[in-house]
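Here chain A shows up in two complexes: once beside chain B, once beside chain C.
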Partner chain A sequence: MAINRRNFFKLAAAGSTALAVGKAHADDSGLTVDCSDNYGVLVDTAVCIGCRRCELACDQEHTKSGRPPESFDDKSVYEKHRRPNKDAFTVVNEFADPAKPDDKYTMKVQCMHCNDPACASACLVGALRKDAAGPVVYEEWRCIGCRYCMVACPFQIPTYEYDKALEPRVRKCTFCYERITEEGQMPACVAICPNEALTFGTRQRLLEVAHYRIKSHPERYVDHVYGEKEAGGTSWMYLAPAEFAHTELPRLDHSAIPTLTETIQHGIFKSFLPPLALYGLLGLIMHSTREKKDRSEESSNHD
Partner chain B sequence: MTSHELPHPIRQTPFFTKGTIVLAILAGLGVAAYLYRMIAGLEASTNLNDQYPWGIWIAIDVATGVALAAGGFTTAALADIFHKERYHVIVRPALLTAMLGYTFVVIGLLADLGRYYNVWHPMLPSMWQGDSVLFEVGICVMIYLTVLYIEFLPIVVERFKGRVNLPGILGIFNDLIESFLTIADRTLGRFISLFIIAGVVLSCLHQSSLGTLMLIAPTKMHPLWYTSISPLLFLLSAIAVGFPMVMFESILASKSFKLKPETSVLASLARYVPVLLGVYCAIKVVDLAMRDAWGYVFDGSFESIMWLIEMVGGILIPMILLSSEKFRNSVRWLFVSSALVIVLGVALNRINVFLVAYTPLYPDGVYIPSIFEVMVTVGLISGLVLVYRLLVMNFPIISGEESGPDRGRRLTKTPIAQEVRQGN
Partner chain C sequence: MKRILLTCLVLGALTLMLAPLTSLGQRPMSAHPELDHVDLDCSSCHSCEEPTIQEPCLKACPRHAAMQKTGQHQLSEAPDTIMLAEIADQFQPVRFNHKLHAEMAEMGQDCATCHHYSPEDEIPPCKECHGGEANPTNLRQPSLKGAYHRQCLSCHREWSHDTKCVVCHLPAEGSGVVAMGYDSTDIIGISHPVITEPEKKVYHTPYEEGPVVTFYHKEHIELFDLRCVDCHQEENCSYCHDLQKPAQLAKSQEEVHAMCNNCHLNDACSKCHDTKERPGFTHASTGWELGRYHQGLDCRACHPTGKRISRLSNDCVACHGGWNQENFDHAVTGLRLDELHQMMECEDCHVDLQFTQTPDCTGCHDDGRTAEFAPPGDWINE
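Take a look at the complex of A and B:
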């Protein structure tokens, strides 16, 4: 199984590269790669009971902060809004529709693993990249520590080890890259979730599940799968009982974030023609004004 | 044909004056803060955090530094490409500013990079990431810095060829350096034009791309500065600030070294400035109107005030001042208006784009630079001025005539000099 899966990913990687080369715009996202076969996770906040097991599993798998397991039972953390940081790649927060303040629901946040990630487009050395399997992967040995990824991320997810004078790393959810691509397992948070609020699968399958749930329980969900279209789509997607405007997830356009900067960059450097044309033009000006100068000097010498 | 002096090392003033001692102290404090950042890390030395990943080291040391070094390529274009010969006297000072400016940009950048020792990574083809705006900026700056050093080589040749005499043990390198200078002298003359044009092209590319950088954060940027023509605005403002920067420095240098200011050259150089500022200003205003963003100008927010200071103080006022011949012929007003363009028109613009316009999604307070960040930035600027002074005292860069002792004091009232024509 694991071997088959690995081969599948090799094929998928080759396929997506081919797609990336033959760019074609399919919808309003400006997206050039089909991500429906990528892995993703559906977070159903109507089912989430806010137990924080996902935070515990993530800490044991990745950050290893040394916090005792009991500390993750503490629900008083919901009094204050928290964000992921270098010691916690995922955190759970509590929200409510202001019209129904007693109907509280809890929501886990982590890296969304965008289909067209702004962080990867921003990174000048390719330290962040969208893997064909779905995860946005960070290769720390490439990183120069410019933190442009943090400026770029529309979800404000990458965090930084500012405390380290040497070898500081960008820290964020890895989507348990090795677990899902090499060990054939689910991400640690999904595996531990006691109420199946987290569903792991291909993006296409998850979208089917999400829309099926909305259709079968319209009283339970707002008709919106967050991450289906936002920022060109994300690997992690959300269902919620109320409008997402009440949560910390930002309101985003459907277009992929890097579209504008990449259009400008590729326009300027189209086959290097614009810079070369400018070079040629300046050369011409230099040549012609020099001749003029020589001639005017000659004539003044004759006078 | 002309009585004008050729560039020569300025030797009649001592290196240390009251002013340079203050600068040396500031530079020393900057070095100390720089070392502290390298040893203790970014958390101890800066107020950067996960919400505000970029601070004044990027906004001022890098973005503003690059913009203010634009005098190098604009002057080279004017004098060497468009062959406006009278401006040759300012080519070398502007080149030196650009060379030192970019050198200090890189020093400042190294402080900000978490893994500064990996700064060379973008040179490896295996690391190239062509979608990244920052990649282009990085590569262009690296190549341009090299071009600037090459453009500076003829000055080194002129000063030291046939006279290389290193002290003590370094003397063993004398022959090697001598032959390097000889080869440089023989080859450079033929190829220098290629480098000069390359310098202008590279500058246009990365000056504009610095304006593309923040376009990747549409949801965090204030609409007053978030526009898809930001790269064009960055390029136009860099071009507009080039000559004011040359004017500002030339006046400072002539005052500091008690030289006759190049009033006539600077006054005619200043004629270009209102035109360049006008184009920049017009495009900025039209863009704002087309994006229907005028409402943000007068909403009384901090951002709107910063935008108005930038537009009125840094663009409109100097534009009006320099449109008048009377003000152009006054050293004082040349100085004031160029300072306005530099500080309010361009430096403030870069600070606005990279800091003021940037609002993180989940801010936990606002970013205010730490004392160490300020010390490094101030130290870099002071260090740059000191190295500039050291180099013009030892290399043929400035071609000013010494003014008499009394004329030095009446500097700001010097009448416009007879038109000086630099012949060659």
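Take a look at the complex of A and C:
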């Protein structure tokens, strides 16, 4: 059967019909949503050759920084550790296990598109949201520029257009939202990757693939799929030939960052609870004082 | 009524029993319960959309069996070169030298280095299993693009530290892709630690009239400005790096002659073959010994053209025709001319511009002086 890009998605969704974030689910992440049908990407750093085509594709698709294509052939950039920024939503960095400094491997970094994103949780106006398809989407018309998301993100991904006086935006990887949801294509970086170090699919299938690779090549990978559990799970996940501690991916707890803070916050603010509670509380106090007064009056009358 | 009920029951039971046979296409795993634990879809093993028991249309690569051997195959069974032309709109077809790479594979796991999952009797081409696009129901299997790149780049990257597309892909015309500035067949030139070439090689050949060939390897490279690939064409890493098979270094007579014939096609046997070992090249053997002015020069300073070094005329003006009394500093000869003589034309002393002959003073001086005893300036010590 010939498979074109369009029916890739029909097929990928077959058998797992509902692409919904809202499914009830409980595991040790403390997450209340099931993201197994969300789209994600598995980054296999053992297969990545550090060619930087993904950076090129992202620049042409999104940031359009005007850097010439040949500039992405330059490998000297690996001498310095780079971070994603407003002009480059993804960057490739080089790492090595300090015990084996010659065995270099390369790793692409970008927004992880967390299952339960701290950035979205921190956003006061809902400018960031986890879409049912997987991407954590930013809507600039809602954004008030408070940059709480930048503080909240455990991966330090969102960056800001400080150089823009008018309508500066928060910038981060979009997971090629339009491409994958409307155009039925893979993200630009995944499509260009010559070695297919990036695999696009539903989170559940990616996890199957990841564990299969670890099982069939134990000599090639550490037994850890980064992003499976970290921060409550992420849409982008990583395989690596050496401990993730050598990379820039932070060591994180398995529970979702926002779960704790949100339970309290959202509990209070849910369905206009604060005003109601306030009035209720005031009413209660009034009521009880009146009762006391009544009772004391009553008792005094009895005396 | 009872009979109707019974018929219905029997029919129902039959349908249930036949169901697994008829629905093979839709429910592949129920057709192969033994494969339930593997992440496979129909297209991993079957080439048609609805395989049946009668016509299973099995591919030659049963992945679950993962046969990591290719049986006995000869290199000659495979094509020497394969053209990969899947993305002809951006790049010219890649000319993949299968023979050269297969020879190197002998250092690894033979054919299975690249042709994994091959049945005993057949080596299927990559295309047979790897489709043009990633397969969403079998994310474990890379597409053809991924499969090719992983095979090529895992080694190429190791030796060249280079992942530029243009190393293998020549840009298609009008694609806007910039061509690479170097020759991709020149492996050593692209990235290789410096190789110290042998000074001299003496070959003893079966050619009776001239059994000895003395080949000054280093001198040849320097004289003719050669790159390794200019002579060592179609050679691969295993020629030097396969320590198991040093015999491979011994080339056949045809192969050796082919190397030399790149330049010496029209030369007689005696150009190389002799009865005894020959001395290396000296300029005197050409009939013109280099004097003190020319000794320190690079060959290219006088013989600039190509790989062929042409014979030059012995006549000084053939090269130095542009010199006159104004732009020539006579002091380089060791004799700084005095003011008076500096004004004179070269021919006034050097009759017929024969600079190797003794200069003639009689044109002006009739006292019988010679330049030796009454120099027209000062001799300067170097």
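What we mean here is this: the second predicted complex is superposed on the first by the 240 of 303 C-alpha atoms of A that agree within 3 Å, B and C clash if a C-alpha of one lies under 4 Å from a C-alpha of the other, contacts with A are read in each partner's own complex, and residues count from 1 in each chain.
Here, a contact is a pair of C-beta atoms (placed from the backbone, for glycine too) under 8 Å apart; a residue touches a chain by one contact, two chains touch by 3 or more.
Keep in mind the model is a prediction, meaning the values are calculated, not measured.
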Is A:47 contacted by the first partner chain B, the second partner chain C, both or neither? second
Where does A:208 make contact in the superposed view: on chain B (first), on chain C (second), on both, or on neither? second
Quick check for you: in the superposed arrangement, does A:195 touch first (chain B), second (chain C), both or neither? second
Quick one: classify A:245 as touching chain B (first), chain C (second), both or neither. neither
By the touch definition at the top of the document, which applies to A:73: first (chain B), second (chain C), both, or neither? second
In the three-chain superposition, say which chain, chain B or chain C, touches more residues of chain A. B
First (chain B), second (chain C), both or neither: which does A:257 touch? first
Residue ranges of chain B in contact with chain A within the complex: 38-44, 46, 48-51, 53-54, 77, 80-83, 85, 112-116, 118-119, 121-122, 127-136, 138, 193, 196-198, 200-201, 204-205, 208-209, 212-220, 228, 231, 358, 360-362
Inside the complex, what are the residues of chain A that reach chain B? 81, 83, 85-86, 118, 120-126, 142-148, 150-152, 154-156, 158-168, 248, 250, 252-253, 257-258, 260-262, 264-266, 268-269, 275, 278-279, 282-283, 285-286, 289-290, 292-293
How about chain C: which of its residues touch chain A in the complex? 39, 43, 49, 131, 133-137, 139-140, 142-143, 145-146, 149-150, 153, 157, 161, 163-165, 178
Show which residues of chain A lie in contact with chain C when the two form their complex. 1, 3-5, 8-9, 11-12, 42, 47, 49-51, 70, 73, 75, 186, 193-196, 199-201, 205-206, 208-209, 212-213
